[in-house]
Amino acid sequence: MAKVLNIAPVSRIEGHAKIAIHLDDNGNVENTFLHIQSLRGFEKFIEGRPAEEVPRIVNRICGICPWMHHLASNKAVDSAFGATPTPTGHKLREMCQVMAHINDKILHFFFLAAPDFVLGPDADYSVRNIMGLVKAAPELAKQVVKMRQLGQMMLDKFAGKAIHPVAGVVGGFAKPMVEEERKELLQGTRTLLDFGCYALDFAINNVFAKYMDIIGDLGAIKTGFLGMIDREDGSLRLYDGQLRLMKSDGSFVDFEGDDYIDYIGEHVEPWGYSKMVYAKSWKEGFDMALTAPKGIYRVNTLARINVCEKISTPRAQAALEAFRSSFGRPAQQTLLYHYARLIELVYSCERTIELLEWEGITDPNVRAKVEPKAGRGVGVVEAPRGTLIHDYTTDENGCISGANLIVGTTHNIAPMNMSVKRAASTLIKDGVYSEGILNQVEMAVRAYDP
Amino acid sequence: MTLCEVTDIAGRAGNFTVTVKEAPRYVDMGKCIGCGDCTEKCPKQVDSEYDAETGKRRAIYVKYLQAVPLKYQIDPEACIRLQNIGTCGACEEVCDAGAINFGDIEKIHRIDVGAVVLAPGFEVFDPTDSGVWGYGIFPNVITSLQFERYLSASGPTKGYLVRPSDSKAVKKVAFLQCVGSRDENLCGNGYCSSVCCMSAIKEAVIAKEHSPGLQTSIFYMDMRTHGKEFDQYMERARETSGVRFVRCRVNGVEKDGSRDDLRLSYINEEGLQVEEVYDMVVLSVGLQTPKHALKLAYNADIKLTGDNFAATSDFAPVQTSREGIFACGSFAGPKNISQSVTSGSAAAAAVSDLLAPARFELSADASFPDEKDVSADGPRIGVFLCHCGSNIAGVVDVEALGEYTATLPDVVYVEQNLFSCSQDSQDMIVERIQEQSLNRIVVAACSPRTHEPLFRKTLKTAGLNEYLVEMANIRNQNSWVHTADPEAATSKAKDLVRMAVARVTCSDSLKSISVPITQKGLVIGGGTAGMIAALNMAEQGFEVHLVEKTDILGGNALNLKHTWSGQHVPTEVAKLVDKVVWHEKIVVHREFEVTAAEGFVGNFKSTLTGRDGFKRTIEHGAGIIATGAEQYIPQEYNYESITRVVTSVQFDKLYELNEVHVRRAKNFVFIQCVGSREENNMYCSKVCCTHSVQSAIGLKKENPNRNVYILYRDMRTYGQREALYKQARKLGVIFINYELHGKPNVTENGLVINVEVWDHILHRPLKLEADMVILAIAIRPMSDASTLSKLYKVPLGGDGFFQEAHAKLRPVDFSVDGMFVAGLAHFPKSIEESVSQALAASARAVTLLSKREVFLDGITAIVDEQNCDGCALCVDVCPYNAITLVDRIADDPDAGKLIRVNQAQCKGCGICQGSCPKRGVYITGFTMEQISTQIRAALAA
Amino acid sequence: MLITKKIGSVMIVGGGVTGIQAALDLADSGFFVYLVEKSGAIGGAMSQLDKIFPTNDCSM
Amino acid sequence: MAVTAALEWLGSCSGCEIAILNIGEDLLPLITETLDIVHAPLLMDHKYFGQCGEGVALEIPDAVIGIVTGCVNNREHLEVLQEMRTKCKVLIALGTCATHGGIPALMNGQDQQESWQGIFTTVSTDPGAEIPDVEVPPPLDRVYACDEKVRIDMQLPGCPPNPEFIAEVIVSLVEGRDPILPSKSVCDTCLTKREGKGTVDKVKRFIENVEFEPGAPIDEMRCLLEQGYMCMGPVTAAGCAKRGVPGCISARVPCRGCFGPVRKGGNQLLDMMNGLASNGIDYKSVVDRRSILRFTGAHGRLRPVKKHVAREKS
Amino acid sequence: MGFEPKIIAFCCHWCAYAAADLAGAARMQYPHNVRIVRLMCSGMMHPEFVMDALSQGADGVMVLGCHLDECRYRDGNYRALDRSDMVVELLEDFGYEPERFNLTWVSSQEPDKFVKAVTEMTVRIKKLGPVNDVQG
């Protein structure tokens, strides 16, 4: 007898989604859907708002990665107003952004994903979570909470607010850094770097080694990748750089964020509020077929690790080399997102230190003069969940007259759907399913950290 | 005491016996409630004096609707009953209060007083007898006073400008100036009435507002707008309102055709005969001393001037020729409102000076029982519904209202009264409060504006806090205005009572706050005004500190020789300095300036800094700013380069020294308005016309062969100074009018100074050869006035002079309580006016200093410390600077901030409350809660 | 010289704006004031003017 | 004995949840000892339709304390909220979206149908796309705050709320006492120098940085409103301050009112504009006054701009 | 029976309230729809009262104060003027017709102006219809 399993809500992710697994009369998977349940309409209700205010509105798109929206928006408005942030303003923004990556990665790996690995995918739902982790590994849990808190509080203290930040402003940054703050931040970030390295080792030794079989298989699909790289040397970039769109065979094109419209398009299905981004420039259309997908590429940590030529900081570069020697380039296994995430954690810590050690960071000239005017601007940054694009048009008063937003997760909606389908149809056979099996289907989604 | 006339004043200063004759009113003042039913029924109509014969009144009447006291009176000349006993009596029948008394008789009172102040005012010149300009012949020729009534909403036409003959809307109106002024032939009034120019402009502007499209023309000889901000007003009238000004003497007003239009003929400035037709002609009639005042002056043996005004000295402008009797207002010379008010206060100062030892001997306070504390009790509301005879009950169903009222929450007692305001009702309310233990009262009757004080007193008598009463205005704002719809009126009455009940439920007991007063005065500025003020306060027994920036007392008066009336200034100033310096109550601080000030009414603390840096701190209860003014240094007329072009002040010195240039000179040219009445200084310096005319007279008298020219714009020898102008013309001084667009040109040509000016009468440029040119320079505000302005938070006006609280009614007060202004610091003026203003300032200051403490109104802003968090949004909105931001806990800035309201400065306007987003400040008696409760109640039905 | 005690009261003749102002100031300074007005109500000529007379407050 | 708790998010960004995690040191004892969390989508895997998704009716376990974040803007949110109300003894609305509509309620100022149409016809979207309507919860007519739909026992606004006060609310509930929360405005917690608005007659757009001495303590900086920037501190509830300074102010950025009105039922737009107008500051210099309601657009405060049509009454 | 609007009129104690009293003394007749709330100054009027009144069913709100430059408290009526311009604009934001609010200057000597103001307002609101029609 055919039936539908509604896994709702998809939990330990950021956002509102539901997985519907349609079983046929034999209890085999007929189809699966990852329904995105929520639509809020930011693109529309920022219309009419003064553009310089928008970075303080769009950060509410996501409470986990508000810095990314905040800064992408600032970049877009800079460009619409024709403003160039001062060098120090530019660097302060980047510092905040990579610092925000640190917290996000700790949060995602340890609070959301780790329970699956530490306590096992089949553990009872009542313990398969951070609370269970605390009981199972109290010292680790304590350390994790402390480190995340440290990162958040550093941002909070320096930039006023860690969640829904305000310190990035059109033309630069709202306040300069003074020497005392620099010292304090450096000290904190060095502690975080130690923890980041520890986390990577911990994961390689205690998680990935243990779950190699699942990693190789769960939700595995073959797609292209999109991520940001340095314009000069192709190394990993999170705040500013050009975009690289790579096919599954490793060939790629590089383009500026401003031209995104020539490379990617958005596809709409009637069963989910989220649009699905695909590679328009490949001119093959859009298809989520598991065997021969069309236009599908992925973003987020794995994508960035795949597209970059190298990483500019030593420890992360070493980790990248190890990763590539094990999984090749591009690596396709979905659960490797976690691995890539921890490499980025190390990079983020190292990059923050690099920025703090830059001599100009305490320069008081943090904001350039701006005049509101008519224009258009595209702001692109790498959010934890993928490439984030804010595209604004302003009127002569410098108010938003049109906006187009492509947030990180939307690039991954199609691949996630595919991974769910892949996982479900592999795991569920002849009407046999269990809570543990269904949780593994969710794990395929969770890897993307949507 | 109304309807009273003084017939005789016997005795001497300090001990007069005055005989007062009181005419019968025929209405019992104790009973009349001013409802007006009687007037409605009175069958007899006569011309209304109040409306200047433009409207009618009945035989029983009030002078005007807001009259004080609002008690009716019967005109015995007009009353049918009084003329013919046994007839009519309609008023007696309708008067529910029983106030009519046809048997009332004339009474004679003999009253012992220490001093007498004469302020009998003026009457307007009556053009009827002389028949000027067809007044009394053509119906559409009216006086300016009648015109005021036509403009007034309470006047005969309710403010619609229609003409008397045929009620046709007026399209074109002409104002003719100087009717009964500056005209000895017609009426014998040679003086200038001083106020008519300004009032004609005002009437023209207002008339244009009333009737858009109205054309107004003012025909004048000189526009004498010499008061503060008057010239600006005239410019606005000309530029913005489009009032037309025509300088000419009209030579005829005739009826035009068969209609009642009026044809004016005159010779315009181009010298052409012009005729124009108007719908209405307004005669700007002059002021003169009323006949009864002349009689009184005769009886009281008061000397008058040739112009029939009380004779006074320039240095004692309110003192009459008889000691202990003072004159003020227009009785002492034509005055506008602010000058009159000032002189009223000045008279008070003079009286206080005289009677200071007897202060407080005859004034007494009423006493009330101790107040019951009701804060802990739930509301027990008593409602008293007034029938007001039939005024309310005739329209509103008071029975139904009573039943409804009884159902309202917390209302425990309802009673109806025929007249809630009558004495027996008052006693009854007191009794009910006690017997029913009522703790909040609503009186549904008339307006709180007139009766709230009465009921507050009632509550006090009953031992309740006076603020626990609320009035529902079901008469003035209900039964009287919805007479035709009793049903709607009844239902509205219910709403009004419900609103009042709701409001009184959240009323609290309020206490008026008292602040002790430092009984000392501070006078800043040691010129004439400052010295007069200081001396007057000191004579009244108060310690005064007089601060003078320079090392010499006397100020600008040191530059002057004679007052307009010829008094010798140096002698008088010397006397004054002498008195001040030796007065035991006056401390003079020479070469000191105020550098810091704090505090508020009754409790100021000013820091003086000496030239050597030495500091003194003075505590004082009141302060007077009399810092004077500066002379304008001309930039024009080649003053800098031609040595014989001098300022008027310099000329006086040269003249006095009989300097060689003056002695030899044959041709003198005076140029008026140097630095006055133009561009950024659009004000008249007021004294220069008189000054130049006086100098000219001196020159001519000394040597009639000298040629003296005065180039002027408008000759402003106002009031009784007009006599000087006349004398100058008689002596052959040549007056040449110039306008701003054709200002004189002064050049030097060897020994001769050429003055070229466009003559408007001859219509050609006039070339004068002068030996000496005298510039009548403007009076400028002190350049450092803004410093004092900031220190005491007293404002400066647009022209840089200190700004009084109200241009008309509070001419020497500042909007900051306890601070006053006098002399040139306020505006250019003559010595006599400075003295008057200084006395007035002293009188106003003494009203404060004579008390040990001031009681402040209970309605004031209170900070709700729970809600206020010191956001400072209200700090700058306070018109009185009563709000300051302070640390919540002293010396702990981290505990946050809140505002503090200085109760002594707060006037309870509630602007702060209206600005506060969090109800952090409220006005007692008008809290947000009270108001919103009232709104809710209004909409609850 | 004969010393007579001064009486602490004043009579003001005329209930116009001038008289009212004098009366208020004197009453406020501690003297008893008789305000004598010829007509039925105080207010004088100023009450007849249309404008410049925003409130009636000077007469209370 | 731990108290059971259920956490839910409606139309939200998860910032509130992150704020919970930011409680810091006390977090772990709180979520493991003080509370027994029985449902919380971000942290644990309890499912609405049974753990295997076979159920038909949405179900949340009973709990003593319920915490909801986010606004109510679609049918699913409404159902979840109603279920929370049914199952929880004490229901707390956490965060400004839940208490006042929050940023998502800015949608209330737009024509919803038109906007949604627009979202699916952007430049980058494939042509011909329609608004999804299969298996996705349909939207409500507008965005609601939680208390417009169910009874709410306690409101704790903030975008995000202050972790300190989240902990205080939970602990006080467990201890059975009233929580100690700030009741005044942002200004109360702001140490900047205030003297009155002075010569300010217009509000400036925030396109240049405020004046201050880098590194100097905040109490040496002039109030931002008095510097001429629109700072909504006076009309905004306190609660963001940490280390004695409101969050945005410590970043030298003016307050935008994310804690909602200072007084229950207060109206930030009205009060702010009144504050400006009363001080003689030209309220027209506020470029986009409707966005003063950007956090409090629910409760019917924010409505689409009406095209002005003259109404004729028959 | 036609629609009888309820109008709340905030009157300054010193001018408009006195004018209303005077209108009574002169027996001028005007529509009975106005309920006067007395304030000490038009500057005391918090805009919240306008919104409160409308939300509680008042069909119109008036503020009547002294003529400019005649405020007893210096410039309270300027504050009222500044606020009222703003209130009119905000009314639209909150979904009310701006015509439901009116600010008029009336001196204590102008009962006719008071009568005219409340009469015109009543007529205007009658044309506009009940306030609740607008909502929803």
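By written order: A, B, C, D and E. Residues from 1 in each chain.
Heads up, the rule we're going with is that contacts are C-beta pairs under 8 Å (C-beta built on N, C-alpha and C of every residue); 3 or more make two chains touch, one makes a residue touch a chain.
As the structure is a computational prediction, the values presented were derived from the model and not from experiment.
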Third chains touching both chain E and chain A: D
Neighbouring chains shared between chain D and chain E, ordered by label: B
Central chain (distance from its CA mean to the mean of all protein CA atoms): E
Result of counting contacting C-beta pairs for B-E and B-C, higher pair: B-C
Chain whose average C-alpha position is farthest from chain A's own: C
Centre-to-centre distance between chain C and chain B (centres being mean Cα positions), rounded to whole Å: 13
Rounded Å distance between chain A and chain B, as computed from the means of their C-alpha atoms: 76
Gap in Å, rounded to a whole number, between the CA centres of chain E and chain B: 30
Intercentroid distance (Cα basis), chain D paired with chain A, Å: 24
Multi-chain contact sites of chain D, meaning residues that touch two or more partners: 271, 274, 278, 280, 290
Residues within chain C bordering two or more other chains: 50, 53, 56-57
Junction residues of chain A - those touching two or more other chains: none
Contact set on chain B toward chain D in their complex: 866-867, 869-877, 885, 893-894, 896-897, 911, 914-915, 917-919
Partner chain B, residues of chain D touching it in the complex: 183-185, 187-189, 191, 194-198, 219, 223, 226, 233-235, 238, 244, 261-263, 266, 271-272, 274-275, 278-280
Touch list for chain D against partner chain E, complex: 267, 269-271, 273-274, 276-278, 280, 283, 289-290, 300-303, 305-306, 308, 311, 313
Residues of chain B touching chain E in the complex: 36, 65-66, 152-154, 158-159, 446-450, 473, 475-478, 480-485, 488-489, 492, 495-496, 499, 815, 859, 877, 879-880, 907-911, 913-916, 923, 926, 928, 931-932, 934-936, 938-939
Sites on chain C touched by chain B in the complex: 4-22, 25-32, 34-53, 56-60
